[in-house]
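Can you keep this structure in mind? I'll have questions shortly.
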Amino acid sequence: MNEILSLTGANLISPIILSFALGLVAALARSELTIPEAVAKGMSIYLLFAIGFKGGVAVSAHGIDTTLVLSLVAGVVLSFGLPMLAFGMLRLMTGLSNIDAAAVAAHYGSISIVTFVATTSVLKGQMIDSEGYMVAVAAVMEAPAILSALWLVARSGSKAKMEPDLMRELMLNGSIVLLVGSFFIGALTGEKGLAEISPFIVAPFKGVLCLFLLDMGLIAGRGLRQSKKVLSVGAVAFAIAMPLVSSFIGLLVGMLIGLSLGGIVLLMVLCASASYIAVPAAMRVALPEANPAIYLTLSLGVTFPFNLALGIPLYLAIAQTVTGA
Amino acid sequence: MNEILSLTGANLISPIILSFALGLVAALARSELTIPEAVAKGMSIYLLFAIGFKGGVAVSAHGIDTTLVLSLVAGVVLSFGLPMLAFGMLRLMTGLSNIDAAAVAAHYGSISIVTFVATTSVLKGQMIDSEGYMVAVAAVMEAPAILSALWLVARSGSKAKMEPDLMRELMLNGSIVLLVGSFFIGALTGEKGLAEISPFIVAPFKGVLCLFLLDMGLIAGRGLRQSKKVLSVGAVAFAIAMPLVSSFIGLLVGMLIGLSLGGIVLLMVLCASASYIAVPAAMRVALPEANPAIYLTLSLGVTFPFNLALGIPLYLAIAQTVTGA
Amino acid sequence: MNEILSLTGANLISPIILSFALGLVAALARSELTIPEAVAKGMSIYLLFAIGFKGGVAVSAHGIDTTLVLSLVAGVVLSFGLPMLAFGMLRLMTGLSNIDAAAVAAHYGSISIVTFVATTSVLKGQMIDSEGYMVAVAAVMEAPAILSALWLVARSGSKAKMEPDLMRELMLNGSIVLLVGSFFIGALTGEKGLAEISPFIVAPFKGVLCLFLLDMGLIAGRGLRQSKKVLSVGAVAFAIAMPLVSSFIGLLVGMLIGLSLGGIVLLMVLCASASYIAVPAAMRVALPEANPAIYLTLSLGVTFPFNLALGIPLYLAIAQTVTGA
Amino acid sequence: MQTHIAKRVEIVIEAPLERRLTTALTKAGVTGYTILPVLGGSGRSGQWTLEGQVGRAGMVSVVCLIKPERLDTLLEAAYRVVEKHIGVVSITDAHVVRAERF
Amino acid sequence: MQTHIAKRVEIVIEAPLERRLTTALTKAGVTGYTILPVLGGSGRSGQWTLEGQVGRAGMVSVVCLIKPERLDTLLEAAYRVVEKHIGVVSITDAHVVRAERF
Amino acid sequence: MQTHIAKRVEIVIEAPLERRLTTALTKAGVTGYTILPVLGGSGRSGQWTLEGQVGRAGMVSVVCLIKPERLDTLLEAAYRVVEKHIGVVSITDAHVVRAERF
């Protein structure tokens, strides 16, 4: 317990968390501090490219094994399944309409790549290794949850727009393509490729992450300030309970398929985190009647900071305790 | 004297100064070379974050002392006071209207963070240490000058718009929040935090500064080309005399409160430099009748290059002579 | 022969080529992956500044000699002459109108700085030195080809718009000014200047190049997808034959003026590569009747990837064989 | 100078729907349109700003100039896309030079 | 398709005043507006361009669609903000689909 | 509020020609215009998007408000630049506040 607290403490005063906090506070205080959209997009492209590439290099170094295949399958299944759980919890805990609940559920089945990236930083700080292909697991978990949400809506009688185009758009969305593509580039070029570009994708990585989290904090803060009204106590409780529950599922699955400690923590974080980039855009197309203020605020304004500040050290501590590592 | 000249010479052929000169020449020659607004803003965010963070780390390493408090108080007082001096000099040296003179005065009471940053580079090149909290002094000197200018206008009978919103906007303007925020992050995370992100905020810093100064040169050149008409000889003379006078005041105050050589030079530069980012925006709101072409051209087109190329080595030489270091 | 193949193989699995391929595939698959315009422009400014600066430093280190002057003269002559050759080949191989053929010819007389940069990376990987001033040769080869194209059009009876403004615009276009300007900054500040900013312009260079090539791949793929109709077999054949022929001319000229192996390869690449940034913009002004889909697709969609993937190792192998190095 | 009457239709729509709208317009025979970026705005669904956003966020403004007789086809095509979404459609009378283009 | 008459008001105003203008509009009961970025321009106060600018520089274009009867309220609110500043206000007759929104 | 009639001219033109157009407008006595960025579009010369572009690519939209009696001079000046290029010119009736400015 003491260890958890000290890890949490150490985590809380990292430049990454504090940058997010700065953005949050600045936005809540209505500072006019903003980061241009193009710069924010540029940073997200950089982060996706770097994390994918490094994952690929790790795989090229350690080779492919059955755990990899199992992990990918597990990722897809989890992404399909978690929205059902989320939907059930939302119906119990909140008064959201079917459509709003399904839209929120889609976010929690999908993943937040920034939370994933922040976790790899924490793991690296603790010298804990993890499977390089967890990046690929992250990629496969992005989209399936959206299909589950549409199915949930269809089942409950409303008409969700499952256009022919939508499937292709989901699978080829910018972040998936970049993550998977750079993963393959990393896998193909290996350590040699990494050596060539590591002063770009390794050394400054954490610094870029700070500025990106500053931006996330600004957006989250703006969202919180404006959507105070749409947030019920039940919804906020869900946004904290859900990651706890789903990280636990991730823990079980990770142990079942035999991941390393680091891999288990990353799978827990993938389960526990909620999308706020890819899924919101998909929801505007597929479930336009759902209120964006609800799902964005829950995922970016509540679950994201919760995971970042408390979740990551907590999941790590739990995984360490349970696996005895 | 010889030393001053050689230092000035060395300063003039640094990549930083030459990048500014390149921008200036390109703009005067009407080249279509431009830097996208988002990129320029991104670089300014990077610079502010880096300089604030490093300042905070320096304070966490060296601790807080009374000189720190004295320096902050001195900064506020100087920022309030220098506009009065500037206003007086402008009334003597130019035919500017009360409102234009007050607007210009506000710029010279405030500071140019880029000049500050360039000075830290020169100091580092000369192995001269300085107080880390001078960044915080820079932050507190940004806004008070604006209030002085409004007071000057009000006193002279015109009606300045001191809206309730304006004060909050001034204190929470983007650059102050970022500078102060990253200062606190640096102070909290200390050397450990710096180690994590120094490949991002330390190593490439000077290179980014070059590109940023290229952009400043482009803007200054465009400004000079367009506002040849609005610039009287008196106004240009003011834009060179004012930094000389105010750097002298900075020297006295710095010695009085017991700053180190590096700290004195930085305070001289803060006094001598004029704002061209935060204050112009504030003036458009508070003193819309003032002509932006005048204050922007004087501060960015005359005083900024003067300080960059000649002022910094001069202030350093003077401070070295006077303090006997 | 075996060596050529292995060099080509090694070249093909470099992160740079694979990033371009990723962009190409993503665009052809109609992924919505995009890089913001401001970020793409920012990267191009970075690349031009870095390559110019490093070239200048190399010249300051190795000094100026007659080969430098000869190279510059050769560059201008080649840029004037190659469009004539290209125009002739186009009239033979394709059914393009005079105006379209002239516009395409202008692109092939000018150069692609990214191909140049990628070549310097390959040379560095092979530990092959080259003349630093080849950057300056690249700069002088940008514009003359445009004048040749206008002359070709005028000769064939159509009226090209050679406005007074156009000449100045061509000579002072953004990339020339930045390349030449940073070349001079590098030459003036030398190794000392480079040491100050090398963590910015040297270390992360290749990584930025990867992301930039990802963007080029995206644009090329979008272009190819949309202009399938405008591309005849003959035009595509031209876009591959032309670089082969003109690299051969570059080889002869390079040997004639006594360049080193690396210098010869770079001159071959300058001759073989076609512009897709500066010349297209000039053509919209000077030859608005020419169809942009044709020249952009040939230069960026065919010749650029051909040079990048196959041309560079081929030219290097040929130069090595011929010079016996 | 000789000008011809036309309609200027301005559709402010969510960015993720941009491709759907332009596809629908193209299918309805509208071949010319211009897409302008939007920085922010306010409406029944609240206030928003593009600043700092990542991904396909925000809105865009699609401007079409068309012959008056084709207005209804355009509006119906556009409306089917905008209908359930956040967005605004407005029409103004305009004149264009070079009528052959529309 | 059924459309309803409306007014389209376009206000080009300095970026540092954007928040003041939208606040004034909201106070005057105007709840819908769209903000477009501006790259540059020219007017009595000279020529300018956004390129390379840092800070709250430049101008923005605020477009409001409103019921004709509310035009005067809007113009008065906007005018109070624009009055002493650099900026331009223009009004066009328009039609909108979905009148219930305005 | 007192308003005055005016014409609103919108010229969508290729970015490399921006300076030529504004110079031509200035020569024709048009001193006020606003330049808006364009993200993409479609026309007879196909579809395009600004995304990822480097260099002076894409198009811009130039908006001029002028006194009706000066419309023809403006159109002729603009047309000479746009003529052989890709681009679109449209005109709308408008009203402006502060007529002294136009």
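Labels for the chains are A, B, C, D, E and F, by order of writing; each one numbers its residues from 1.
Here is the rule we use: contacts are C-beta pairs under 8 Å (C-beta built on N, C-alpha and C of every residue); 3 or more make two chains touch, one makes a residue touch a chain.
Heads up on the chains, UniProt names are A, B, C = Conserved domain protein; D, E, F = Nitrogen regulatory protein P-II.
The model shown is predicted, which means the values in this text are computed figures rather than measured ones.
Both chain D and chain E are touched by F. Within the contact network of the assembly, the step distance from chain A to chain F comes to 2. Judged by shared residue numbers over all numbers used at their interface, chain A and chain B contact each other through mostly different positions, with under half in common.
Across C-F and B-C, the chain pair carrying more C-beta contacts is B-C. Farthest from chain B in terms of Cα centroid separation is D. Distance from the centre of chain C peaks at E, each centre being the average of the chain's Cα atoms. Inter-chain spacing, taken between the CA centroids of chain A and chain D, is 34 Å. Centre-to-centre separation between chain B and chain D, using Cα means, comes to 45 Å.
One simple way to say how far apart two chains are is to compare their mean CA positions; for chain B and chain F this gives 38 Å. With centres set at the average Cα position, the gap from chain D to chain F is 18 Å. Counting only residues that touch two or more partner chains, chain E has 19, 36-37, 47, 56, 92-93. Annotation for chain C: residues touching 2 or more other chains are 32, 34-39, 41-42, 174, 199, 203-204. Of all possible chain pairs, the ones that touch are A-B, A-C, A-D, B-C, B-E, C-F, D-E, D-F, E-F. Here chain B touches chain A in the complex through residues 36-39, 41-42, 45-46, 49, 53, 168-169, 172-174, 177-178, 181-182, 184-185, 188-189, 193, 196-201, 203-204, going by the rule given at the top.
Within the complex formed with chain A, the residues of chain C that make contact are 13-15, 18-19, 22, 25-26, 29-39, 42, 125, 199, 203-208, 210-211, 214. Residues 14-17, 19-20, 45-47, 49-58, 84-86 of chain F are the ones touching chain C in the complex. Here chain D touches chain E in the complex through residues 10, 12, 36-44, 47, 59, 61, 72, 75-76, 79, 82, 88-93, going by the rule given at the top. Against chain E, the residues of chain F that register as touching in their complex are 1, 3, 6, 8, 22, 26, 31-37, 60, 65, 92-98, 101.
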